[in-house]
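Two complexes follow with chain A in common, the first pairing it with chain B and the second with chain C.
And then the complex of A and B:
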């Protein structure tokens, strides 16, 4: 803005913020500094006591939490003092941001620390730093790698689930009788808790002696309908139960995508004489790719957390055939109170999940670019 | 107060008065007694009457007891509380109780038993209900993170190392010891069980041992007897006394028809889905104990001087091999790889599948009183099978001699009070009063007779006349109770160590056993070695020296 223009603007055209006096800014800086000093000193004192260097009489870590809350208040106050209106705006975001830091970042950092410790709840000594020992143990732990291999199979099953979900979404998108009824019915499994599913289906309907599914299988000619006694069969049964719960989730996402597709394109395809298969493969499927990727990624995230059905129905058996990483960590942590090693497994799994999803997204975006070029 | 409850109470009181009058008259006539002796006689007769009355609730063969029954029993057994606590004395006291909710028992019963106690004393109890598999982690986390949030605790003796060893429990006051009559406990539940450094912490409410339950109709069946005479090893067709016989009978029964249900007959029911929060290991220990527990050696799980595991010694390997032998022979029911101990007891054996299994005493008390049992009239009991040879860990040699070692698995549940109440005398008295009510002598007779999750554990529980008067068949009850009593009193009983983290050892063993049972190891020895290696790791992690010290202490060494 040149000087002439600036002069041309009347001073009452907008409300200029009041200039913030230097003294107020100084006070703001001081408030923040006091809050920070209180937090750092409290945390340091608690840490030193934890390490056994000094005894300040702390019983718990709660004073550090109070110091953090005090620091948060000081931070907000200093923002208002130093930045005026901008600072007040920041107050809308700060509590949420500080809460996230407290509930996600701190625990994550603590988990990383715990994962490098030797900490068994039955040991009197509490956590002891043991460097990379837990990591080395993980690399040679057959139960962990067995569970990892199972996870690969579980993830691959998503391809089939996606195809089924897409098919169901197409059916529900078409003009069929009682469409609304089927939409609700197909969604019901998603509303069931996986634990309830485990008992209702895994432990009751598939029960070999009296389960209706076992009886049906027997009637169909299967002499020994033991759904969980052979490794592959047990794994497949778990996959089916998990799929039954979560296919509706994919289906509803895909159905929403189908409903938002432009009708003109479909009509143009019809006018041009495209067959139903051509319409699907050349138009619907490509247009649905972004939605499909979202659905698959969400499903992968859910699948990576698979544990409840396994814990309730097979406990990872037979012989670890159905174990997932999460159900294995559950046993290490819960049954064996091995907090250090269990946390390391969880942290490594988190890293693997993040890396896997990033790689998957990257791969898909490259593939989609190539697909777009091919289509155009 | 509701009318029907009032009427019931009036009926009970009238009955007691009548009995007391009679007792006083009898005492005066026969003894010309002093008033003291007369009072004793009155008390004894009233006591006997009370025990007989509570055993009629709801009555054997009258279906499973309900909450109303538990409350009624709790009310009738409130005498000890009335003697030691004034009405409303604990007004305003709030206690938190942590326990189990297995099979809708344990805490469910405690709630009913304690409701009249709450009404009388004015105290209130909050409940923390846990599934069996969640119990150990919940307890360990509370201890390790300093977040013990319960004043009273239902706990097994194996956890005493974790709790009493860390000073988390409150010492039992003397008045409680008198009130609950601790001398009545069977001997193996007396010191050192329930004590730590000479202080007593536990009110026993259960005595644990595994016993063999078997189908008498199998062993009384003419066709089976004839077929066994033709196909068997020449021994008589009788319930097995050794594990070798268990296996022989199981192989023989495979492919035959169950005389009760008409479905396929099976022999022994090993829970091959052994992963059960650590508790599944007990079922392998049943088989291993008579091979591994030498009468001259108190230790059988670890070497007491080094904590070197014995779980991969020839005795344990033989026990695992016996299971594998039945797996390979196809002698188990279909889908047995997915059968955990709850399945084998409640969905299989009590529901009419399988010829025998080892379990806690619940199978006996449920056989006749549970709505879901079909084997009440055809079930027999004995101590766990023995072995025809025992491994001597000192010499490293097998000794070809018959050996028995009943597995007193878990040493029973007890009620403990935590040190959260230690500084508040009113709350402390309330907690111990509630615990004493649950562990009372008369109430315990009822819990051992009806589905409760607990089995007999007092000498007075083995009075067969009381059970017979309650409606139990004399032969059945003698059979059932004597199997428990003989296990408790067996000179070579296998008693587990009360060392910290014992369930961690069991849990990792379960994972490896599941792999062995599903044939993932080249040999049983290889799998057993993997268990031993994992056990060594746990010992090192918890602290070898301390574990050795506590293990020796638990063995009385």
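And then the complex of A and C:
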């Protein structure tokens, strides 16, 4: 996709590229070689000290970090020296790429390694390899699979959130007074910190004795409004709080989609005598499908990270009924400092997420194609 | 005989319009009713937080709602933070603690957002304009590589970072948090900025190149000024996410670099929760973003709308 849209500014269309002299190329290669040597030597020296063979006087791994930065600079410089204009273009992407590689690829590889070990952070000694023991333990851990099931419920709640967000976007898109005021007000929940929200809503407003929500529920005829006593109730309360924060996000995306719809189609439908109901289902909704999918996918991605509210309001209770994977692993780290096992759970979660999202995207694109054929 | 058939449709039409008008009125009332209810749903928790910070214990326990009618506002909650009118000029350890957390939050979220916008915009510009071949990786692969970071759940990185930062002596430092937050928001920045740059006609830069500017000169002098609103939008979205981040901050900081959300979360005293000081703290934690949100709403919406129209 990008291949097609990236309309390259090939500078040789304007000026003939100066041939890069051999001496500059050699200098570039040398710079890169020096950088690499420095990085390798530093890392090796640090590693040897870690293994206890020599003592080079390192206290931390910081020198390796500095050597990596140095190597990055050397790489960029040598690119410019050796490849001229092309090198300068590479400089746009290189910093971000090197940053992400350092911050994601190394830690991920490390995570995969740790997940096959037995490691207690508070105990002395590093990780001990224990093969598939963690994996075996995972398959028989009821709390993990319970949390996974909860995630399914949390994800399914997005359907309701989507319906509400779409409704609010439609209303905001229609002819109303004070639209700007309502738009600002509806956006505000997204600004609030989930932690402050969990305390002020989850613990204070839903407090059974004096919370205004409990009072409201009592007034509506519910004698004992304990929002977090029953598993289903607790889960729904968490869903509602999370929905409250993130409905604005979907609403704004959908609103932007509505505003970019072609007006002529709507007017044509009106002229043809279509009722608003028909217009929505036959025109607006199909036209909005791509935007809707974007909004839902973004929401799913954020939902998969759901943890802050659960950690602060219920810490997974009652009996793990509200646990998300993230909050569960958070507790595994915090309470039991069982790092190897927790990391394995996280890695398995990542694999499941990637599989799930790929399947979802695949399904959606197939469904979209079917929908297009049906319409046309 | 001739007049009657003409008259009847007219009457029917008039009747229809009055029914129609009634229906329209009803619909309007419904729409404004929904708008009003939703506005209350959005605003009430904020109202509750702010008013609770001015309550005394009995007011909280009785669930009083409206200041000056139900209860008399007191500075109790703010005094416990050292931020009430009487205490603001005196030294207060609590306030010193609060200010430290507040500054941690400000510094980490501002620097991380800034760094993410710089790195992310550069990458997004490169990807939207040039063709790359990094080994087997082409533009679409590089884009996917960056955007796929979005789905990476924080738990997967949490422990490796705990160990890594321990080794690098970056645990409980602002720099450690800044690097992590930059990583967290960069995919979003790249996503927004890629669309922004695609919307700028290439001819502008071509003209600049003809005039003798280098690729970087054209980017800095021509493209950056044009795409500044998009960058502001990306910056503010990043700011929101970083300011509210809790998970990593809770795991990776302890005394020095603790941020506001962690401080809010750890406010349980031995005698239960002091709701008034909790509320004051929460108010102080959400106020900056509320102000930013109200003033810069246009940019936030522009940022979130990216990708919707495509």
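The rule we apply is simple: the second predicted complex is superposed on the first by the 341 of 376 C-alpha atoms of A that agree within 3 Å, B and C clash if a C-alpha of one lies under 4 Å from a C-alpha of the other, contacts with A are read in each partner's own complex, and residues count from 1 in each chain.
In the analysis below, a contact is a pair of C-beta atoms (placed from the backbone, for glycine too) under 8 Å apart; a residue touches a chain by one contact, two chains touch by 3 or more.
Remember, it's a predicted structure, so these values are computed and weren't measured experimentally.
A.B. asks: Just chain B (first), just chain C (second), both, or neither: which does A:107 touch?
C.D. replies: In the superposed model, A:107 contacts chain C only, not chain B.
A.B. asks: Is A:333 in contact with chain B, with chain C, with both, or with neither (first, second, both, neither)?
C.D. replies: both
A.B. asks: For A:78, select first, second, both or neither according to whether it touches chain B, chain C, the two together, or no partner.
C.D. replies: So A:78 meets neither chain B nor chain C here.
A.B. asks: Looking at A:197, would you say it contacts chain B, chain C, both, or neither? Reply first, second, both or neither.
C.D. replies: Touch status of A:197: second partner only.
A.B. asks: With the two structures laid over each other on chain A, which partner does A:231 touch: chain B (first), chain C (second), both, or neither?
C.D. replies: first
A.B. asks: See if chain A has more residues touched by chain B or by chain C, and give me that chain.
C.D. replies: C
A.B. asks: Quick one: classify A:117 as touching chain B (first), chain C (second), both or neither.
C.D. replies: Neither partner.
A.B. asks: After the superposition on A, what does A:314 contact: first (chain B), second (chain C), both or neither?
C.D. replies: Touch status of A:314: first partner only.
A.B. asks: Mind working out whether A:209 is in touch with chain B, chain C, both or neither, as first, second, both or neither?
C.D. replies: So A:209 meets both chain B and chain C here.
A.B. asks: Once the structures are superposed on A, label A:150 by its partner contacts, choosing first (chain B), second (chain C), both or neither.
C.D. replies: After superposition on chain A, A:150 lies in contact with neither partner.
A.B. asks: With the touch criterion stated at the top, can you tell me which chain A residues are shared between the chain B interface and the chain C interface?
C.D. replies: 60, 121, 209, 333, 339
A.B. asks: Taking the complex as given, what residues does chain A use to touch chain B?
C.D. replies: 60, 118, 120-126, 143, 207-209, 224, 226-229, 231, 234, 314-321, 331, 333-339
A.B. asks: Under the definition above, what is the set of chain B residues touching chain A in their complex?
C.D. replies: It comes out as residues 133-134, 136-137, 140-141, 143-144, 146, 162, 166, 272-273, 275-278, 333-338, 340, 347, 353, 500-501, 503-504, 507-508, 511, 514-515, 517-520, 538, 541-543, 546.
A.B. asks: So in the complex, the part of chain C that touches chain A is made up of which residues?
C.D. replies: 31-32, 34-35, 38-39, 41-46, 48-49, 52, 60-63, 65, 119-120, 122-123, 125-132, 134, 138-140, 142-143, 145-146, 149-164, 167-169, 179-180, 182-183, 186, 190, 198, 202, 205-206, 209-210, 214-216, 219, 240, 243-244, 246-247, 250-251, 260-262, 264-265, 267, 273, 275, 278-279, 282, 285-286, 289-290, 292-294, 297, 300-301, 304-305, 307-309
A.B. asks: Which stretch or stretches of chain A touch chain C in the complex?
C.D. replies: 1-3, 5-9, 11, 14, 59-62, 65, 85, 88-93, 95-97, 99-100, 103-104, 106-108, 110-111, 114, 121, 167-168, 171, 174, 176, 182-197, 199-201, 203-205, 209-212, 215, 244, 249, 252-257, 259-260, 291, 294-295, 301, 304-305, 307-308, 311-312, 325-326, 329-330, 333, 339, 342-343, 346-347, 349-350, 353-354, 357
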